[in-house]
Amino acid sequence: MSTGRIEAFSDGVIAVAITLLVLDLRVPEPDGAGDLGERLAALWPNYTAYVISFIAIGIMWISHHAMLRRLAGVDQSILMLNLLLLMCFVALPFTTSLLANYLDAPRGGHLAAMIYAGSFLVTSAVFLTLQSHLLLRRPHLLRGPVSRSETRTILLRGAIAPPAYLVAGLLGLLTPYLTLAICVVMGLFYLLAPMVPARRADVIHHGATT
Amino acid sequence: MSTGRIEAFSDGVIAVAITLLVLDLRVPEPDGAGDLGERLAALWPNYTAYVISFIAIGIMWISHHAMLRRLAGVDQSILMLNLLLLMCFVALPFTTSLLANYLDAPRGGHLAAMIYAGSFLVTSAVFLTLQSHLLLRRPHLLRGPVSRSETRTILLRGAIAPPAYLVAGLLGLLTPYLTLAICVVMGLFYLLAPMVPARRADVIHHGATT
Amino acid sequence: MSTGRIEAFSDGVIAVAITLLVLDLRVPEPDGAGDLGERLAALWPNYTAYVISFIAIGIMWISHHAMLRRLAGVDQSILMLNLLLLMCFVALPFTTSLLANYLDAPRGGHLAAMIYAGSFLVTSAVFLTLQSHLLLRRPHLLRGPVSRSETRTILLRGAIAPPAYLVAGLLGLLTPYLTLAICVVMGLFYLLAPMVPARRADVIHHGATT
Amino acid sequence: MSTGRIEAFSDGVIAVAITLLVLDLRVPEPDGAGDLGERLAALWPNYTAYVISFIAIGIMWISHHAMLRRLAGVDQSILMLNLLLLMCFVALPFTTSLLANYLDAPRGGHLAAMIYAGSFLVTSAVFLTLQSHLLLRRPHLLRGPVSRSETRTILLRGAIAPPAYLVAGLLGLLTPYLTLAICVVMGLFYLLAPMVPARRADVIHHGATT
């Protein structure tokens, strides 16, 4: 089975999930009390959660993209793991909305932050599982050989996320703002850390020098 | 007419439908009474229904994918049957939401479960109709010959679903939890049952040995 | 400019618009009064409007598909007309929801039915404009020659819709159920009327015999 | 990395964002007081904002399309800037909804208009940054040479938007209707101003004569 349609479907699902984040940027009721400016300012957790989740999902889409580019074909195990990963992706607007609504609330902020970090922990763990499944157990489905050093770099890059989100979740026991801060740092890290190129030329080059 | 754009449109519709399932993971109102943890725990029917429907739609997408891969072209009858199938797909978030909201409610749970199972019964029956239409009445639109044994395997795999969902619906008369249990079993069955490969090489190989 | 991405974008917009129709299949509140079965039965205008609009949009997607298949390239006028057409498509879930909510209401049903028919009138008129623009004014952008008889068939097929929806809207002055009936007939007509094939071979064949 | 999947993902996100605009065309409650016609007429800011935003996003999609067509490949900086641009796109239904709800409200109209114009100011500024980044700093990723005169035309076309939306926003201090008027003018300008062709033949031709 070719990878074209799994790309198209994954792209579609991720594109809809990332766009649904906007539904949590809610417009205050026109007949409500108080100044519009103040009421919009009070929604800062919503804007913050929107930006963090958008960047996190966007980065995972880029990695997902690079991963599928390495593949020449897929089998049932890959389809199923990918479906599980998409199920995690689609749940992220829900946990984002939970954080946005409870971050500043008198109660529930700690739990909401832990669930938020937990959803990224699970998503990144499933992603890492899929990556190692492909690289270590399905090398015959790859377009070309991936060198040992490259495999290590890819898996290390992915292996940073689950423990980092675990720490972010645990820090939510102290205060949800710390969870948020770690999630911002994670986003910046992945935005700035150089990606492993998915182009075949590099793969061959790396393979030759290893 | 080529199959490229029917794939793209079907992928788009199924991707949006599957992603809309998240809209039923509702965030409890921050100013509501009670502990956030308890209120989230009370939403367990929503999470369960989300997971079951996501996996069921995902598996049907994979089968839909494999089906279209066999086709070299489409005609009006296929377009129309596919449109009918998509109409069923798009209604699934509604019946999922119905089950999620009534499973634990004092009244209406039996009916909601029956409608839920009924929507999967209709969807799988339309899918089976489309599959047999292609394999038995439109062989000239297939990319290559499909052997009799393979045709039987594909149709048997699809023919299990409608009666199973019928039983699931009828058991909803006793208790909606039995309906849910059957739907979970159905998902596990399709996740684990090996799929019929859609690759031409296999088709030719099978054809030669039959 | 190639037609690939205008197809992808149009497919995406139409796929989302058609799927948003499900949002109007609303689940009755679990704590509301009355039997669930009766309350679901009272939503029959929503189901009817869902089916009619889904089929109507689906048929227009098929025609849109066939139209773009004829094109080898697009220019600015086509992009703009297509954008206008998509703007009409995207508004259809709104007018569908309007009809669904007012068909059975004590007041407003006449107006809702007229707006519903009016939205299909405008959409089909823009579609017809785009079709004639391509066939009559942009023949150099077509993949191959389209015979005069074929052009006539395509435009006639499209020209039936605007006056039919005009009649449907005017009959809404009497009763909204007549509007609905005409829309059902229109859907059946387009489902059963043979489409003009978009394949080049047919075009050349027709051209030779005309 | 090829441009195919960044096109598909961007198309998906923009398609969903543009379609979500319909969610702000809200159906008045059937049991509300007053005539349906009057209540629909009172929603004119919603219709106006829908049309303006739909056209603005549609035009930006066309430009985005033309931009990606020029590219033979993408690097990390382009992926990140594009992700930032998509984040702006996805926020536009929110600012559109804000304007629609407050344009005619007794208070908040000035601020809503300024935020509306501000969101288009930021989006067009990010777009211009991406365009100049590609043309001036990543010429080796382009499919073919872009002449100096053509580069100037593209960047000038894009450079008009940010100051125009700045003026639109500032005029919102006087009255939100002026903001709306400028946004309408901007839409008409881009609809009618000839686009720079993205076809290679034109590029070469232009390059030869410059």
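The chains carry the letters A, B, C and D, assigned in the order they are written, with residues numbered from 1 in each.
Basically, contacts are C-beta pairs under 8 Å (C-beta built on N, C-alpha and C of every residue); 3 or more make two chains touch, one makes a residue touch a chain.
Since we're looking at a predicted model, the values are computed, not measured.
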Checklist entry - Hey, what angle do you get rotating subunit C onto subunit D on C-alpha, to the nearest 5 degrees? => result 90
Item to check | Chain copies touching (subunit A, subunit D) - same or different residues, decided at half shared | outcome: different
Checklist entry - Most remote chain relative to subunit D, going by C-alpha centroids? => result B
Checklist outcome for this item: So, in whole Å, the Cα centroid of subunit B is separated from that of subunit C by 26
Next on the checklist: Counting only Cα atoms for the centres, state how far subunit B is from subunit D in Å.
Outcome noted: 37
Checklist entry - Of all residues in subunit D, which are in touch with two or more distinct other chains? => result 8, 12, 15-16, 20
Checklist entry - Can you list the residues on subunit D that touch subunit A in the complex? => result 1-2, 5-6, 8-9, 12-13, 15-17, 20, 76, 79-80, 83, 86-87, 90-91, 93-94, 97-98, 101-102, 105, 107-108, 111-112, 115
Item to check | subunit C contact footprint on subunit D (complex, rising order) | outcome: 7-8, 11-12, 14-16, 18-23, 25, 27, 30-31, 35-37, 40, 50-51, 54-55, 58-59, 61-62, 65-66, 68-69, 191, 194-195, 197-199
